[in-house]
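Just passing along the structure, written as structure tokens.
Here the chain labels run A, B, C, D and E in written order, and each chain numbers its own residues starting at 1.
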Amino acid sequence: MKMFVCIKYVPDTSEAEVKVNPDGVTVDSARFSFDINDADNYAVEESVLIKEAKEGDITVVSIGPKQSDVMIRMAMAKGCDQAVRIEDDRIATHDPLMVAKVLAGAIKGQEFDLVLTGCMASDDGHMSTGVALAEELGVSHASMVKKVELLDGKVRAHRELEGGLLEVVELELPAVLTIQTGINEPRYAPIRGIRLAQKKELKVVNLDELGVDPAVVGLDASKVVLEQLYIPEVESSAEFIEGEAEEKAEKLASILVKGGLV
Amino acid sequence: MGNILVLAEHRQGALRDISYEMMAIAPGLAQDMGGEVTVLLIGSGMDELAKKMAAFGSKVLVVDDPLFEDFNADKYQKVLSALIDDLKPAVVMTGHTAQGVDFIPALAVEKNLPLVAEVVSLEYADGTLKATRQLYSGKVNATVAFKPADTYLVTIREGVVEPPDASADGAVEKVESPLKDDLPYRSFVEYIEAEVGDVDITQSDILVAVGRGLKEDKNLPLIEELAKAIKADIAGSRAATDAGWIPHDRQVGTSGKSVKPKLYIAMGISGAFQHVAGMKGAKTVVAINKDPEAPIFTVADYAIVDDMFKVVPKLTEKLKELKG
Amino acid sequence: MTEKPKVGVYVCHCGINISATVDVETVADYALKLPNVEVARTYSYMCSDPGQVLIKNDIKEHGLNRVIVASCSPRMHEPTFRKAIQEAGLNPYYLEMANIREQCSWVHEDMEEATAKSKKLVAAAVAKVRLLEALESKEVDAEPAALVIGAGIAGIQAALDIADAGFKVFLVEKTPSVGGRMAQLDKTFPTLDCSACILTPKMVDCASHPNIELLSYSEVEEIGGYIGNFDVKVRKKARYVDFDKCTGCGDCAAECRVKDRFPSEFDQGMGKRSAIYLPFPQAVPAKYTIDPESCLYLTKGKCGKNPKCQEVCKAEAINFDQEDEIVEFKVGAVIVATGFDPFDASRKPEYGYADYPNVITGMEMERLVSASGPTGGKVTVFNGEEEIEPKEIAFIKCVGSRDASVGNEYCSRVCCMYVAKQAHLIRDKIPDANIRVYYIDVRAFGKGFEEFYDRVRRENVRYIRGNPSEIFKRGNKLVVKVEDTLTATPLEDEVDLVVLGVGLEPRADMREIMDLLRLSQSPDKFFLEAHPKLRPVDTATEGVFLAGCCQGPKDIPDTVAQAKGAASSAMIPLARGKVMISAQVAEVNEATCRGCGFCVNICPYTAVELVTINRFGHEVEVARVNEALCKGCGSCSAGCLSDSIQPKSFRDYQILPQIAALGVLK
Amino acid sequence: MSTESQTFTEKYDLLGCIQCGRCTGGCPVTVRADLNVRRFVYDAYHEEKLEELARLAEIWDCTACHTCAVRCPKGLKPLEVLLGLRTMIIESGKVEPTVRDALQSVLLEGNPWEKSRAARSDWMEGLDVKIAEPGVPVENLFFVCCTIAYDPRVQSVAKNIVGLLNKAGIDYAFLDESETCCGSEVFTLGEEGLFEMLVEDNTELLNEYTAKRIVCLSPHCFTTYKTRYPDLKAEVIHYTQLLEELLREGKLVWKGDLQKKIVFHDPCYLGKQGDVYDEPRALLKSIPGVNLVEFERRRERSLCCEGGGGKMWVESESKKERLAETRIKDAKALEADIVAVACPFCVLTLEDAMKGLGYEEEMRVAEIMELLGEFVEA
Amino acid sequence: MSANYEPNIVAFLCNWCSYAGADLAGTSRVHYPANIQVIRVMCSGRVNPLYVMNALQQGADGVLISGCHPGDCHYMEGNFYARRRMGMLKDLMEFVGVDPKRFHMSWVSASEGHKWKEVVEKTVEDAREAGPFEGFRRRQIDW
């Protein structure tokens, strides 16, 4: 089973205050902690589980800076065999379609059975890259996969639909699966494992080395423009609901319903 | 021409809310763009659903063929691809749902069209379509402008608008399926209902969490009722699992589980550091606690300082009422 | 060195102790190629009679005048082989040993390496032996008297044996009475005879023996000299009671203003004594002593109008002006019998000894069960609320023994048995008591021990295999936190009384004795014997011997046996009346000495002095060594600016070739 | 010596064990969980059994209080056998997600709480804190601890001590956000490789500051630096030791009057492991009005609160009473108003237990530094 | 430094403590490197600093001097003399460019067989690190 797994290095913004840089299109990431994208972590684990069950070879593909090597090494510590990191600031990373083209450039021309990606990046959340990548590669795909069953020449994927319903589909291999969180329990990458993984090959390439025309994946090629980032106006601290107990309950109920929270 | 093609979504014989919600967005935009809205339904035996969609007043195109008995991304892509060629819509709008995200990006690649996903609002001015979407789990908004193109693809986030009234009478028109044969690469097998009872709170959308304030397990039905009303799962702090009120695998915190629901209602939980660390991924936090100094309030979006036993019954009642 | 050295090299197999790791034949072959070596042989046991005969014959047949024995440590057999070559007519100092066992075959594994090293060691020995000089040992008179330090059962026995043999004994005891630890015991295991009953006659004997001078309440201050001729200085501490006048009537103690205010040392603090006291009724000598630290008059300068003791003493023995007295004498041998300290249970705070009155030590239990003890032999304890007869009793063994966490890794040897004995005694006194003994192992190795242990178990003393970890109080009970390791059950047993089977430790003040006599400690911190097997009562300092628990934990029979052994060893020089003193002393080359006096300052024994001689018509000062005082350490030599003072057998010209031999063979 | 080549038996000196049972006898969690640490020492001798042993749930019940190691008559560290088994699990990668996330957070962000490294010194905001500079000699270099730095409940320990140090006018400095987890919990969770890395990195970092002493606010950091960092140049002390010294020198003066009965709970890492017993008591006694009482199980016999050994990330399966609850009940029986501790973990566990028992109204759990901060003379 | 390099160590041990300690290591069968050869002297105070230089000059790569623990000297204070002399010597050796790793001084008592092993191991390891000694001109002296 020859596999590629595409992962992304993303900031954890769940606690930190996010500030938009003066350029208006980037955020100040100085106070963020970075890690592998949650769903991608599950994708890595799934690929390793498949490898453990069926034997195989896993190549990690990632677009990102040097700092993300630690994430790649962790994936290799878990069982991935080699990695390609694409570092090039000419890529229009705000557009998942451009990103898909770059990833495809790293995979195209090589044999593979499966490409796994996370179904969503926790930073920009397009949920588009994996499916676009499948199209770029000209193979079938399933998104938001919660279970993978390998059959002879086929893969049976359980897609997670809204409301917990699972849609089971069969795909012919090769295929791209975008993995939903919760599909498995990602393992821990122990430091000794990470150190051992230093021996595995991590190739760092730019677009030229990858054979991807920068003009095709750059800002000019992208058909969308990230114009402006801004912080939405939200109550920074808790809104205390006042009144008698019953009044408070009623007020809360309508907030929840009106806000589409329930 | 600024026509908008809205793909109505249905599953197991019923339309999904997003189909209605898009009808609150598409007509205004179509007006701004100087075009009309056309709704597209793909499926098998779509008459009734088509009628329902027609009630929003726009024309409904129906691709009705046994080939589309079940959703299939590849087939949808093919149909849309052909219809774009035929209809040349300015905007193709689908839900940002398990269906939408499963084929729209592929379509964008195939047709070399621009795509903005999970849009919360759209605006057309001075010949430019701009979409607003959110980054970093809603902490940042982004305005994305489309460069001029024949067709723009957008997927709309669920639940951002209320569905409009549906009392009009739009036309329903069947079109022949551009797809004649089944596609080999991908086939539908079955639907599987999520198992009941075997709840993984890390995957829950709504969590109702109780803590020490529950006092005893005979108070639990109160909470269960609330959870049922809003389709929430029940979780607990260490105190609640320790006491045996809540199963251990539903403990939220550093020694339990890290959860990331859209809504987290913490009741009778003071909010110790280790608990808060386990729920920091929650999008909206509601806290009900009688201690105004409880640290849980520092992470809450909505706060009620009161006895949970006084608040919860009324809350359940009111929610049931509002939800209908 | 006029005659040409003819060296014989004898490489010992030592069974296979050496030959298993060192190729002895190769070493011998190699030795034969060394300069001046005439003969090189190997033999299975060089120290055996045939081995020695082999050497002797070679000396005669080949005219050897130097001998190398490559075998064990010179600390082991140097005297043996010196004697052997002397018997063959050679000067005994024409011997050098190559230590290829302790420092080679036993510590290396690789045969090639060990053989190569053996070669070097032999080569170095050859290099040195060629240059050795003939030395004559000297004899001096030995003082026919012995010093025994410590008057417990070991000291008493040793003193009596030597005195009975007709020699003078100075028996020095630090406390006011002889008797030591044994006097504090109730019954002795495994025979259950009364400790006091068998000890008291011996105590009386040693006080009344014409050959024994008992110096109680005294401490040795200084010991100089050497075997046969030790100069001893003893401080007799002021008792503030005239020794000759005191009749031991006890009126003073009964009237003391601070009567029964101070914890009695003898009763392990469980009973009380006055400031003037007799440690215990059978004390020897039966003379009262005023404790300067508790006496009102001596601490505050005032005791009512007049000290009561002085008022009531009809013999007028009280003398507050008494001062310490220094006594000096000479002895030919010294026996150290300073005993042990019971392990201080507060060093294991987890047992709550310092917190709970009903956690007591084995020594305290001895006093508690003793008819002469503070309770008259009634076993009662204060549980924090009331005085009760304990019904639930726990013994904990190995407290302070076999325990690296307090630095005592050894087994104290007596605890297993004294705990069994005390369990038995309690069973007698409290028949319905629930007695349990927590243990790790039971070590009942002595005569009659296992039988006794069997008996005690059958008396319904429950042995639970597990060493408790913690004791704390819950209500009015003590909780013993322990695991029954045989069932792997953690327990929290609730009891009324815990007896800690404390082990034996080196005495807290043993450093003073070490400094006095230049003794060493073994890893367990007890005194180190000269050889663990063959010289168990000797020390590295000639003429100084060990008896009893100062050398290591022992029960009474072993202590007595060792005391008798020490006594007989000490009597050897006394009986001969002469001792040999080392010939390996320093010597000054007066021709090169510049008289700077550095060596005079260096010598710790004042064995070097400056004398004036006439050198080529000039009066010059040169150093000169007093051979009787010199111990041959050689410190003077390393400090000499002109290499003029040199210890015999360890001269520069003898050592440097050794170094060269080791280096050249690299 | 390389540990790689050692067998399990050699590494933990299993053959040195005489099976006396003191370890299990002293183990505080035996009343709660089926953990028999002696049996592990006995069974781990069989290399082929190790994997099976490592899978036993009770290896995660150990709180690393070190009582077994302190009591062992043969100088063994029975708990480390459990940690060694944990290491096997950790290195297989298949660990509880909570443990995984905590460890990964230490690697990536230098703390186990999944907080951003950049936020580590946020507690300093608004305070006049002196920050250490590499190479500039400082008498007392403070090490805050991840929990104190991030958990708002115990941040006051750090905040209060800053005020107090400024008043005492001594030479001190804190690290900025470069401060990285000491690895105490990493070690006890069994992530040996990560711990080795932390030792290397922290040694280098801390030695860069030419400090005479490293003053730790948490006993966990204190003991870890003291015993598991062989190459640290500075002396390592706990803050109570420093403050007691300042108190003796008259550099600290208290105001007010605290008419309260206080009982001090000896943290395992400070007492049993660090041998610091008297200083915290001296500090408490020095507050005017305080009536300091003692637990029956105090000092060397103090009862573990179950906060260590990675227990913040692993829940025991036991339903029995938590030791922290036993402790609070004991305090209640003593009618103590305040349970004082000198460890952030103890604060969290004991306070939790106190709330669980419903004593919130009449009792308070407080870090000594919280109290001192309230009473320092301006 | 060659991979197979085995340093040659000469050790001077006092008769009463360290030599006895080394003997104890033997009776206890404690294994240690064979690179060390012992010369017995009565007291560490006997060791003339020149012996150390001489040993290095004659082919030793490292020198060890071991005596009784301070305060335990059989001859009262010989080991104090040794300590002072060797302290000075160490400075001198550093001054003339000899790696201080080649020279060790230790206290090993008659009961410290295990410590002796550790001392030997440390000495050999340090000498190994320092490499073959070529600092002084090798001079073979015929006595």
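Methods note: a residue touches a chain if its C-beta (ideal position, glycine included) is under 8 Å from a C-beta of that chain, and two chains touch if they have at least 3 such contacts.
Here the structure is a predicted model, which means the values were calculated and not measured.
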Each chain counted as touching chain A and chain D at once = B
Request  = Based on which chains touch which, give the shortest step count from chain A to chain C.
outcome  = 2
Key: Geometric centre: closest chain by C-alpha means   = D
Request  = Averaged over CA atoms, how far is the centre of chain A from the centre of chain E? Could you give it in whole Å?
outcome  = 64
Query = If you average the CA atoms of chain C and of chain E, how many Å lie between those two points?
reply = 30
Ask   = What is the distance in Å between the mean C-alpha positions of chain C and chain D?
value = 45
Query = At what distance in angstrom does the C-alpha mean of chain C lie from that of chain B?
reply = 88
Note = Shared-interface residues of chain D (touching two or more other chains) are 97, 114
Query = Multi-chain contacts in chain A: which residues touch at least two other chains?
reply = 15
Task = Please give all chain pairs that are in touch with each other.
result = A-B, A-D, B-D, C-D, C-E
In the complex with chain C, residue positions of chain E that touch it = 8, 10, 15-17, 19-20, 22-23, 25-27, 29-34, 37-43, 45-49, 51, 54-55, 57-60, 68, 71-78, 81-82, 85, 109-112, 117, 140-141, 143
Inquiry  = Residue numbers of chain C touching chain E in their complex, please.
reply    = 73-76, 99, 101-104, 106-110, 113-114, 116-117, 120-121, 124, 127, 131, 514-515, 518, 520-523, 528, 540-541, 584, 602, 604-605, 631-635, 637-639, 647, 650, 652-653, 655-660, 662-666
Note = Within the complex, chain B is touched by chain A residues 11, 13-15, 18, 20, 27, 94, 96-97, 100, 119, 122-132, 134-136, 139-144, 156, 158-172, 175, 181-182, 222-232, 235, 237-241, 245-246, 248-250, 252-257, 259-262
Query = What residues of chain D sit close enough to touch chain C in their complex?
reply = 18-27, 30-31, 36, 38-39, 67, 70-75, 296-297, 299-301
Task = Provide the residue numbers of chain B that touch chain D in the complex, in ascending order.
result = 212, 238-239, 241-244, 248, 251, 254-258, 270, 272-274, 277, 280, 295, 298
